[in-house]
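First comes the structure, then the notes that go with it.
The letters A, B, C and D name the chains in turn, as written, and every chain counts its residues from 1.
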Amino acid sequence: MNPLPLDLQLLNACASLLLLLSFSMLAQRRVVNLVNLLALQGALLCFATVLVALRTGQAHLYLSAALTLALKVIGLPLLLHRLIRRLGVYWDAEPVINPSGTMLIGLLIVVFSFGLAQPLAALASTATRSTLGIAIAVILLAFLAMITRRKAMSQVVAFLSMENGLFFGAMSATYGMPMVVELGVALDVLVAMLVLGVFFFQIREQFDSLDLHHLESLKEVE
Amino acid sequence: MELLLLLGTPVLGALVLWAFGAHRRAAELNVLFSATTFAAACALTVQVIARGPVLVLHEQFLIDAFNVFLVTLTAFVGLTTALFSRPYMRIEAEHGRVGAPRLRLYHSMYQLFTATMLVALTTNNLGLLWVAMEAATLSTVLLVTLYRTPASLEAGWKYFILCGVGIAQALFGTMLIYFAAERVLGAAGVTALLWTHLNAVKGQLEPAVLSLAFVFLLVGYGTKVGLAPLHNWLPDAHAEGPTPISAVLSGLLLNVAIYAVVRCKILVEGSLRSALPSQMMMGFGLVSVVLASLFLWRQRDIKRLFAYSSIEHMGIITFAFGMGGPVANFAALLHMTVHSLTKSAIFFAVGHAAQKAGTQLIDNIRGLLTLSPTVGWGLMLGSLAILGLPPFGVFASEFLILTTAMKQQPWATPVLLLALAIAFAAIFGKVQPMVFGDTEARRLPHPPALLPVFAHLAIVLLLGLYVPPYLAGWYRDAARLIGGP
Amino acid sequence: MGFTFSYLNGCLAMLLAWGGIGLAGLVRPRSVEFAGRTLFPLGALCGAALAALAVASLAVPAEQTVLPLGLPGLPFHLRRDALSSAFLALLGATSVGVSLFAAGYFRRGEGTAPGLLCLEYHVFLASMGFVMLADDAYAFMVGWECMALSSYFLVTTQHRIPEIRSAGFLYLLVAHVGAISILLGFGVLQGGSWQFTFDAMRSARLDPAWASAAFGLALFGFGAKAGLVPLHVWLPEAHPAAPSPVSALMSGVMLKTAVYGMLRVCFDLVGAPQWWWGLIVLGLGLGSAFYGVIFAAVQTDMKRLLAWSSIENLGVIFAGLGLAIVFRGSNLAPLAALALMATLYHCLNHALMKSILFLGTGAVLHATGERNLGRLGGLIHRMPWIAWLTLVGVLAIAGLPPLNGFVSEWLLLQSFLFAGRVPESFVNMLLPLGAAVVALCTALAGYVMVKFFGVIFLGQPREPTLAQAPDGGILERLGLLWLALGCLALGVLPVQVIAMLEPVTRELLHLPALSWGSRWWLLAPPAAGQASYGPLALFALTLLVVFIALLALRVSIRQRTRRGPAWDCGFARLDPRMQDTAEGFGQPIRHIFEPFFAMHRELPSPFDAAPRYRVAVGDRLWTLLYEPLAGIVRAAADRAARLQQGRIATYLLYSFVTLIVLLALVL
Amino acid sequence: MTPLDITTQLLQVLCALALAPAFLGWVNQCRAWLQNRAAPSVLQPYRGLRKLLIKESVLAENASSLFRFAPYIVFGTMVAAAAIIPSMGTGLPMSLAADGIALVGLLATARVFLSLAAMDVGTAFGTLGARREMMVGFLAEPALLMTLFVAAMISHTTSLPLIAAELTNRAPALYPSLAFTAVAFTMVLLAENARIPVDNPATHLELTMIHEAMLLEYSGRHLALMEWAAALKLFNYACIGFALFLPWGTSREAWGPAGLALAAPLLLLKLALAGGALALIETVSAKLRVFRAPEFLATAFLLAVLGLLVHLLLGD
């Protein structure tokens, strides 16, 4: 059996790193570190996109990579860092609920995602198909991270990580979405971040904190 | 041309109002833009009546029987809500709840929101549909938090996160569809997300992929529809935002979301040739109806009450689409129309009622009939209409849905019967004391803008007794298009 | 397309006229004079015309028409056949009296503006008529719910009173649940043809299980409207809450629409009812009759008493209906005709006599402002017109010859008597027991009515204010007189009435014409052996004896009559408080049927300076059935509420789990 | 309708009017004998009626016209009832117009008017009597109806003369159902006619009286009519009993005038026996408390229904 070409090897390594990053985000306590991890994830995504672009020669993938670089590696992390400084939550840390349990669930999720991706990967014509399972796992792990987070900021970071997973999935399954869509999605993400920025200030103005337990008053049980 | 006008007007409106939104006449400007949009929608409708389905702008936009009436409906409710919000927001401003900058934001976002919904409805591109849906969420998040109260911030945050996460799943689902389509339609990437093309080849799409895609799409757009248990953002967002926004959220956004679900369902069902999507939708529908009716029982806040009622009705619609077949689909489409009109009318009335009583708490709103007979009657008739009492149109659709269910899914009917009964008891038991009885509150000088309320109710009444033939024709065509097991 | 006259168009025109009159009320909504003097009498006129048209069309073959309204593909189908005509006649005839009365009644003004009231009232009338003409499920349901809705608004006319609000709520809730059930029943009946016209339902061949399901749903829905126990709880609340003319219409006509619906479904749409359905209907009917009458006997509110009595009467009607189904299911068509005729006759009777009674209480209520029997009495002196006309209703509903109540009782007992021909021997044993219950209920109805009339109109006034009570006005008298004459006519001319109603039984049972009377004055049903009843002769004989006695005493003895203080075994001071109270009058019933009542007694202590005895009788079904039901819902709602505890992470978890579960499903 | 029928009809009504007080007198006489008292004459009731008829009638001040009409109506219905019960002959034209059910209805009419009249003046006793009378009535009436029903089911008709004729035609046999109903009927008869053990016709004691309490306010001719009607009622009940349980000897149309001539003495004989039996029952039983009366009547109702069931089971 021939070893895989180098670019695919690299790609697979990227994918594995992404998964690892997801796990570390699940376990990370410091908000600042979370943002850094996110930036790293973005960088990996960007790198993977470039790899695929090189391999397939599709022009729009370069554009996509550029977008990712601009938005996810530089733009958003910068924005988040600024926010963290402005909001003064630089040293914020939060307890992670039962880390080992969360990890275990994360592991199960990975198994589940791989199982889910199995039939899909068999159908895909892309060289990157085997990474589809990792993409799904990244999405679901980000979901899990959102569930376990108590701070608004870290929840948002997890949310953005989910977007990363989505993009990675799109790339591995179909070499990315059509350009129109990708542009639209990128715009949406940008706007979402702006809205979030506004939000953070409003929330802090109201509650003096970004802790989500302030946001639990609208409910049905007394 | 009409389409450009239709989509362009609100975008232009959003820009103009961003600049002049705090102007004294901004509300009138808002109405003007909405009216123009509505006029464009009417022109488009006329064109569709004359020439049949339209496919324009490199096939990126599609107007067929399924969305033409939704477009008109959206533009119409957009207009009436603008009419309603003019005095409503003025009073809010007088009460000091919103200042000039927020009014600017409000008006601008209102137009943007209309634009996103219209794009979502008219686009032929599933990716664009997703973008528009996400944009609709984003434009309304800031409207929900307009009052900047702790509760509204909480509602906005939940809305943002839950819908954001949900819609991310929808994106993944869309991607999966693209993935499946690419194999059939080629990697050109241009046509593989166009619904018309997909629909043409839906039989060849890979079932395994599409079933996965449907799960993600259903969970994703279903969150926006407010299907239980994904609905948790909905009551909060409805209750804490300004009432005109509650009206359009309930009346329009939910419709758009369910429209998206159904568009996807058509593809998936064509590929799967199994009842799985239908069963999922029926399951979601029933769970939503039952849970919503139970939640209705405990409500203390009037807007929350009707928000849960929206969940209930979305459940009914989803259930009906799940059953499929010409009658159930027809009924579901009719139900979308009448629910949107009725619910927005109710929110208009509720808005006035809450303003008059100075509270949203049901226990503190009493004797509306004494306070303002028109508001009282508007709320009473609207509630009766939404509860499915004839001769209002909601009854017509519920009639068809229930009778169909009795024949196709008899197991579900006891559940529906029970849930509808509980919902009736809950809503009516709370509305009646608000409308009837005595009150100590004094009459406020503001004359309510009730033209929209009664215009909506009149149309709903009409639809209960007479469905215009071309509307019926669209419903029928769309019902055929949607098909069923 | 020219307008051609048909009875159907005529009836429809009258319904439209009612609608128009109602809308005209909005022209001057605050004018009592306009609504009272002009619109209500006009409405009565329409009612008379409708009744005339309906009676004239009874023997005319069925007519159909389609209105350009309704759902696409399902426009409103209308059809007038003998059954519709019979109930339209009932509606029209009753509405004449009630509208005339209302014209006088509403002059005094109620909570809602008179113009609006006029609209609601006439829409109520028109929708009842529409129900009887509807020939497809959608039209039927629209009429049915409009009826419920308009009457709901009429019930809550005085919405400032909390009890009336809750009564209205309960009423509309039960009505709506019942309507959904009926609707589902139609869903079954259409049998997969997707045609909701009654014609399609007639031709749909349902297998017995589905037919039984349709029957069950229809029974639940119509039973809720008719107030069959245990779905009766709304009735004693709603009827007293409404203004009296509305109570009269609700009791007299609206409850009959449920009977109409049952007849339509069981005999027309299903076609061939199964005999055991009848047993269920019979059992429910008898149970309701008994339950209703014992509760009527212990009431202290006069309108509530009448409401319970309506439950009793509807129970009797449903008993007859059940019997007819048993016979029809056993292929005993002539006997079924007899039972059906008893049912129809009792419907007509009850419409007239219960209207009289409710209108009578309305007049009393307006004259005295009092509904509590404990504060009335002696009104026959102050309100002779109302009292004597009410007495007609009282005697009729007590089932006394020669008035109409007796005729239907007689017919019903006759059909019970010949139940022995049913093939199933066990049923054979059961049915005559039904006769025993009917007999008991009729006798108890007499008890109730003596209490009703005696406590309100006879004896001494229990409150000094009653001495000022004015008699009813001319319109009120006219309305009551119309109804009383109707009672008398139905009582003494049964052969003629039955001859008019006969097309109905013929149509529903596919029978040839039967002869119901051996002579014009002698009712002799074909299926009832050699039994006959000639009320006219009996009436004449009794009157003759009375006349002779009067004459003989006047002429031969010539004794004067003197007025003096009451003797009362020599008690010197006679006090109104010495009379039996309504509670006292109900005491034997409370004593005998104690297990059925939920009683709350307040006994005075021996050291009480102002001792008071109070007893409140509650409905056990309320605590046994409805409160647990509400409790279950409440508990379920509380459980459901725990799902929503405000924490966004939890909500995300729901989404996550949903996603995972669904993915696992498709995997 | 033959002349003979009309004659029978007239004769029977007149006979009832004439014999009713005598029958009452006979019962009282028998009772006195049985109780070792000096017996009043059989004709005593006539004397009482005559006295009342010529006396002035005093009406209570607040008595309404209903109070004045009621005696006539009660009397009229009782006479009408007498016209349809085949006491002497079965060829009664009036019996076409009213069968057994109508008879029960007629009796109920009388009771309702009596009760209403009793409530009219608004005295404590009047309303009390009315309430008790209606209480007795609502249990006695269905029991009577069920009794009639059994006979009607045996003979497939509710027409009283036809029932009597049918029962005569049948071969004499033991009908258990009729035996049950006969007991029930006797109990109803006692209760309905204000006899011991339900009521005591001879007392004006407030705690026990039913029928007399209702008549307290009547005087003069009104009271006379009421008393006469009460006597007629007793007579009617006795005749119903004969028609159902002792139908033999009632004149048949086919027998002609001779039958009528034979029926008259037979009726007298039956009345005499029935009166004796009634007196005996009244002597050997004790007055029940009013609250016990429902139980007594419920037993009657139960027996009648049992009779019905026995008939259905045994099919006789």
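Here is the rule we go by: contacts are C-beta pairs under 8 Å (C-beta built on N, C-alpha and C of every residue); 3 or more make two chains touch, one makes a residue touch a chain.
Since we're looking at a predicted model, the values are computed, not measured.
Chemist: Which chain lies the greatest distance away from chain C when centres are computed from Cα atoms alone?
Modeler: The chain lying farthest from chain C is A.
Chemist: Between A-C and A-B, name the chain pair that shares the greater number of C-beta pairs in contact.
Modeler: Of A-C and A-B, it is A-B that has more C-beta pairs in contact.
Chemist: Just to be sure I understand: the centre of a chain is the mean of its C-alpha atoms, right? Then which chain's centre is nearest the mean of all of them?
Modeler: The most central chain, going by mean C-alpha position, is C.
Chemist: Averaging only over C-alpha atoms, locate the centres of chain A and chain D and give their separation in whole Å.
Modeler: Each chain's C-alpha centroid was found; their separation is 100 Å.
Chemist: Taking each chain's centre as the mean position of its Cα atoms, how many Å separate chain A from chain C?
Modeler: Once rounded, the distance between the two centres reads 69 Å.
Chemist: If you average the CA atoms of chain A and of chain B, how many Å lie between those two points?
Modeler: For chain A versus chain B, the centre distance works out to 31 Å.
Chemist: How many angstrom lie between the centres of chain C and chain D, each centre taken as the mean Cα position?
Modeler: About 35 Å, centre to centre.
Chemist: At which residue positions does chain A touch at least two other chains?
Modeler: Answer for chain A, listing residues that touch two or more other chains: 116, 143, 146, 155, 215-218, 220.
Chemist: Which positions in chain B touch two or more other chains at once?
Modeler: In chain B, residues 157-158, 161, 165, 212, 295, 298 touch at least two other chains, as defined above.
Chemist: Tell me, which residues of chain D touch at least two other chains?
Modeler: Within chain D, no residue contacts more than one other chain.
Chemist: Going by the touch definition at the top, which pairs of chains touch each other?
Modeler: The list of touching pairs comes to A-B, A-C, B-C, C-D.
Chemist: Under the stated contact criterion, what part of chain B meets chain A in this complex?
Modeler: Residues of chain B touching chain A: 125, 127-128, 130-131, 134-135, 138, 141-142, 145, 148-151, 153-158, 160-161, 164-165, 168, 171-172, 174-176, 178-180, 182-183, 187, 189-190, 192-193, 206, 208-209, 212, 235-236, 239-240, 295, 298.
Chemist: For chain D, which residues are in contact with chain C within the complex?
Modeler: 53-64, 66, 68, 72-73, 75-77, 79-80, 83, 94, 96-99, 101-102, 105-106, 108-109, 111-112, 115-116, 119-128, 130-132, 134-135, 137-139, 141-142, 145-146, 149, 152-153, 156-159, 162, 204, 206, 216-217, 219-221, 225, 291, 294, 298, 301, 304-305, 308-309, 312-313
Chemist: Name, in rising order, each residue of chain C that touches chain A in their complex.
Modeler: Counting only chain C, the residues touching chain A are 640-649, 652-653, 655-656, 659-660, 663-664, 667.
Chemist: Within their complex, state which residues of chain A touch chain B.
Modeler: So the residues of chain A in touch with chain B come to 116, 119-120, 123-125, 136, 139, 143, 146, 152, 155, 159, 162-163, 166, 169-170, 173-175, 177-181, 184-185, 187-188, 191-192, 195-196, 198-199, 202-203, 205-207, 214-218, 220.
Chemist: Which residues of chain C touch chain D in the complex?
Modeler: 377-378, 380-381, 391, 395, 398-401, 406, 409-410, 413-414, 417-418, 420, 428-429, 432-433, 435-436, 439-440, 442-444, 446-447, 449-451, 453-455, 458-460, 521-522, 528-538, 541-543, 545-546, 549-550, 553, 557, 559-569, 571, 574, 576, 578-580, 584-585, 587-589, 591-592
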